[in-house]
Amino acid sequence: MTLTDPDRLFPLDPKTRDRARALYESVRDLPIISPHGHCDPQWFAENARFPNPAELFVIPDHYVFRMLVSQGVRLADLGVPREDGGPVETDPRAIWRRFAQGYHLFRGTPSRMWLDHSFEHVFGLDTPLTPETADAYYDHIESALATDAFRPRALFERFNIEVLATTEGALDPLDAHRAIGDSGWSGRVITTYRPDAVVDPEFEGFQANVAELGALTGEDTESWAGYLAAHRKRRAFFKEMGATASDHGHPSARTEDLPPAEAEALFLRVLKGGASAEDAEAFRGQMLTEMARMSRDDGLVLQIHPGARRNHSAKVFARHGRDKGFDIPGRTDYVGALKPLLDAVGMDPDLRIILFTLDETSYARELAPLAGAYPALTLGPPWWFFDSYEGIRRFREATTETCGFYNTAGFNDDTRAFCSIPARHDVARRSDCAYLATLIGTGRLRETEAFELARDLSYTLAKNAYNL
Amino acid sequence: MTLTDPDRLFPLDPKTRDRARALYESVRDLPIISPHGHCDPQWFAENARFPNPAELFVIPDHYVFRMLVSQGVRLADLGVPREDGGPVETDPRAIWRRFAQGYHLFRGTPSRMWLDHSFEHVFGLDTPLTPETADAYYDHIESALATDAFRPRALFERFNIEVLATTEGALDPLDAHRAIGDSGWSGRVITTYRPDAVVDPEFEGFQANVAELGALTGEDTESWAGYLAAHRKRRAFFKEMGATASDHGHPSARTEDLPPAEAEALFLRVLKGGASAEDAEAFRGQMLTEMARMSRDDGLVLQIHPGARRNHSAKVFARHGRDKGFDIPGRTDYVGALKPLLDAVGMDPDLRIILFTLDETSYARELAPLAGAYPALTLGPPWWFFDSYEGIRRFREATTETCGFYNTAGFNDDTRAFCSIPARHDVARRSDCAYLATLIGTGRLRETEAFELARDLSYTLAKNAYNL
Amino acid sequence: MTLTDPDRLFPLDPKTRDRARALYESVRDLPIISPHGHCDPQWFAENARFPNPAELFVIPDHYVFRMLVSQGVRLADLGVPREDGGPVETDPRAIWRRFAQGYHLFRGTPSRMWLDHSFEHVFGLDTPLTPETADAYYDHIESALATDAFRPRALFERFNIEVLATTEGALDPLDAHRAIGDSGWSGRVITTYRPDAVVDPEFEGFQANVAELGALTGEDTESWAGYLAAHRKRRAFFKEMGATASDHGHPSARTEDLPPAEAEALFLRVLKGGASAEDAEAFRGQMLTEMARMSRDDGLVLQIHPGARRNHSAKVFARHGRDKGFDIPGRTDYVGALKPLLDAVGMDPDLRIILFTLDETSYARELAPLAGAYPALTLGPPWWFFDSYEGIRRFREATTETCGFYNTAGFNDDTRAFCSIPARHDVARRSDCAYLATLIGTGRLRETEAFELARDLSYTLAKNAYNL
């Protein structure tokens, strides 16, 4: 018995399935390029063992605990820390049992496929997780984690990861990355410049963060020129530590390209604190264009991840803080929002901006038409809730006809769930091969082209898009 | 010859089709749970025969007459009554012939499948309805209706309906339900609390309705506290008469959670009449949150059916009144609109709110992410124009990966076309089994799980969601 | 070897594929009805040879050059003229080589399918276009173009075009159409009334255009009554020259139905110049309703093509002008926007309004519900980026269940790329037959009905919708 079907995600028609399998077999063993994600670099710096099955699979994975919460389990009972330090479940086995109790809730979800893939292919388990098998699972995983073969670096190598990008705030000293570099270990773990905390006037502690940015760089971040110069210095430092990209998680895709005096005045207003919602939004928009200009100079790829309404539940945010599964997507406009930035730099073929979305209605209506015209634009892969078989299918069906394959950036896993990385890339490779096989079968692509594209989508496009 | 293909709606791939058929056979004969609909309870109270084929299939069914109107037939020529009492066609056979004349217009629509299903499985007809067979059809159905086997209660039993919910306004005396209860008949026909006429300041006669609510309950509905108390009393009365749910059909999903003094002031403003559009919208939004609070107390499930632009054609509304096929869906926001209500009560695992939509773009972007996080939220089935094979397919494909199956509420038919009830549940069961078979075939679900889910989607989830 | 798969676009399941093939074979050779497009009537008036392969396939086709531009090729290097008359590539062979160099970019796009179809079926080429075959391709096509068999009229006849509509501005003298008529050639090439330049206050030279409209018609276009009368005269002239339709390309679908005095005041305001954005939008909206009223009188079909954000890149617009692949779709509302027009004339069964969209989210939510109720409304085929296999599939799947087939207007190619006309109609016929075969296979349509519908969708509906 196995947990995962060897032909999973391939088309149902037997002939097309054979084609998909052949395509998949040609890319299955390619190294993993993971150019955008949220693993903790400390794992690879320290190479300490993962503490226990609950810490590995449940507590840090918002996909997992949000589903359990949606059916009435309390976050605290899953060991998710409270902001006030109040009591939460500390017994990892109790947490694991609650997880197993709700494992049927994941039927039909990508989480279930990723988890089963990890259970089988990382841990060698072959019976389904149920309330009855919960303890056996726990013991099995716990024993494995105690061995050297399951330490972070060993898994990194076993996963065949060629490069893994993490994401750090602009103020991060990048000590973990330095330690990895100094350790002599050959794994390539790079950082990404994520300046939200010093760019978003509505971020907690924005003013103090900007002051710290000044202190770190020796620039006068109370002036617009100094503030921009400080960004340039931090970007250079991140680049030195391996970064090839920056990343920006704004509520919308709004951009601005204000005349310098107006931009400066706006900066001074938001720096005073108590910025209006409009000023905050305009400032974030102005900074996207500023970052794009810096990208032209230093070559960092600009990633825009807009559209999440963060911390939707006031109660959960107050009790447990950020990133607790209550970030909810919302409608996102691109065609109007990006115009100022695109008028400024969009025709520059040496700039690369990778666009993501949580609003699938924008794929065919806005994103593919934009990426199929502007040289600077590339589409990122289906993100977050759309990192899934259906998500990938809809993305390809909605974008390929308008912008082709070569205005897309391959796959990235965007995860903090380390063990899900091979599973996610596997789902993406299978889903793309299924799509390519369907194109062959319906006379929309020649077989030789499909093999070339399978490799491009699985490996080359991501490597090229992120200058890796 | 038959009108309906025994394998209809199953996947095309033979092996997957076999799987779908096996799943379907396991649920085909389960009783029907119909927790939301618009049948007339008087049918079951009186158990009188249905007047004629036109009254059964054409005149009350807005799906049917709107399609004929779209191709130039006049509503009056289909016997749809005029508001001014002016002349309309009164010959049911003439109406039936016009319907048969336009029957080809329904090709590819769910109405056609429901109608053919009723013709074949309820009335035993086996040749297609055409202008040529119109009279034979009419005569055949007319003779059947004259028999006891085609009276409402007999059909109810033959349709294997375990429970049927109707919908009544807050002021309804529920005499029909009382009569059903007093009659000793074993059929379970329950009501649903639908207070739009006393909650929506833009409803015709709102002030008089609120006054009547006061008179009915003995509460002072000119005060905010009395108005809320009156709702509580009516809800208790509806519950006594079998209701397990309330239902709310608002133009948007907006909610509010105003401080009591502001809510009171808003109530007093709208009660004066001439409320501004903004006040009317805010009041409806406040009342959703008030109703959710009452639901926590009395256990009625809260259904929200937002997003219809009612009575879109001014001419049709003036001539023929409400519910004449000219309610048109519009864009509907949930992520912002529901936040006040969710901040108030969304984390309560004992509250159940069932969300519907006419805006499919919200499935993957907003509704599944919300339902996959908040314990209080459950997704209702595809509604209205989306109660169809493609509608169900898109719903499952867009929601399952994010919120799974167990945050959805099974199927409901939402119909006033009694004979379509078995047909609609059959379409839903077939469509869901087709989806499950596809999941098995693509390695996303195990066969044993699929059989369990087939039963859940066809029966158990609806029963549980509505506390039946 | 062939460039195109004879079974392309048919379903993968063998039995369903056989059905699709049979349906397709029944319509493959039907004449082409092309009721909306942008071919140059001068081609048929003069019947001169097409200048060279680059002028035929690359320079005028914004689908083609936008994709090359998106990957860093400069418009000027593709021979696209500059507004300032500055230098651009003039060597057609060099342009052709750049095109061949980027031909892999079109993998999976409809452009690739149309181009391969033209290469094989119009020019008899049978090896793929690559950088290596670029010169051989060029020479082959160039030789063909030098022969009489490849002149416009010969191709028109070979393409089996029954009628081809072009589009001309309201001020166009229609000399080319007159010349075609006078030439004795039997090909039917008709015009379409496209008054954007005299209806849109934001169009370049609006005031001068309106003055010219007055001069042409002898009406006082400085008065509202005279302006409307001038439109009536031009419409009559266009109708005399063959037109059966008008066409309106507005940024939104907004309509207005102002009282005459307000409409007049609005007209006088926008005529003064410097109209506010709101006035300009309101005036365009008022004119849609005025045009609908004129359509009731003169029988021209009213086409509405809303939702393009024209000339999105300020740089490209300044350098190369309009229609250079930088028109980007945006969100488009219909349900609110069309209400004034529909309240005025929407219930008139003798009026025909054909609605198009670039916002697929409106298909199921707004357009199908509207077209499935209002007698005056018909849905146009998938437009522009959605003129493709996936586009047609999504259109049918999203609209058929709500408004059926008979509220849709068949196919139109909307192209200025003459050689793509047979290819586009072929894609549409294949895609529709694939859809019909799927309906048969899933028991949603009878085989005899499908054959009737295949003909309707390929030929009859377009002919009827445009009164051809």
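Just so it is clear, A, B and C label the chains in written order, and each chain counts residues from 1 on its own.
Criterion: a contact is a pair of C-beta atoms (placed from the backbone, for glycine too) under 8 Å apart; a residue touches a chain by one contact, two chains touch by 3 or more.
Just so it is clear, the structure is predicted and the values come from calculations on it, not from any experiment.
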Check your understanding: Does the chain A and chain C pair touch with the same residues on each side or with different residues, judged by whether over half of the numbers are shared?
Key -> different
Exercise for review: Mind checking the rotation angle between the two copies, chain B and chain C? C-alpha superposition, nearest 5 degrees is fine.
Suggested key: 120
Review point. So, what's the distance in Å between the C-alpha centres of chain C and chain A?
Key: 40
Exercise for review: Return the residues of chain C touching two or more other chains; collapse runs of consecutive numbers into ranges.
Suggested key: 13, 361
**Study point:** Complex contacts: residues of chain A adjacent to chain C
**Key:** 11, 13, 15-16, 333, 335-336, 339, 342-343, 346-347, 349, 361, 364-366, 368-375, 377, 397-398, 400-407, 438-439, 441-446, 449, 453
Review point. In their shared complex, at which residues does chain C touch chain A?
Key: 4-10, 12-13, 66-67, 69-72, 104-110, 112-113, 128, 309, 312-316, 325-326, 328-331, 358-361, 385-386, 388-391
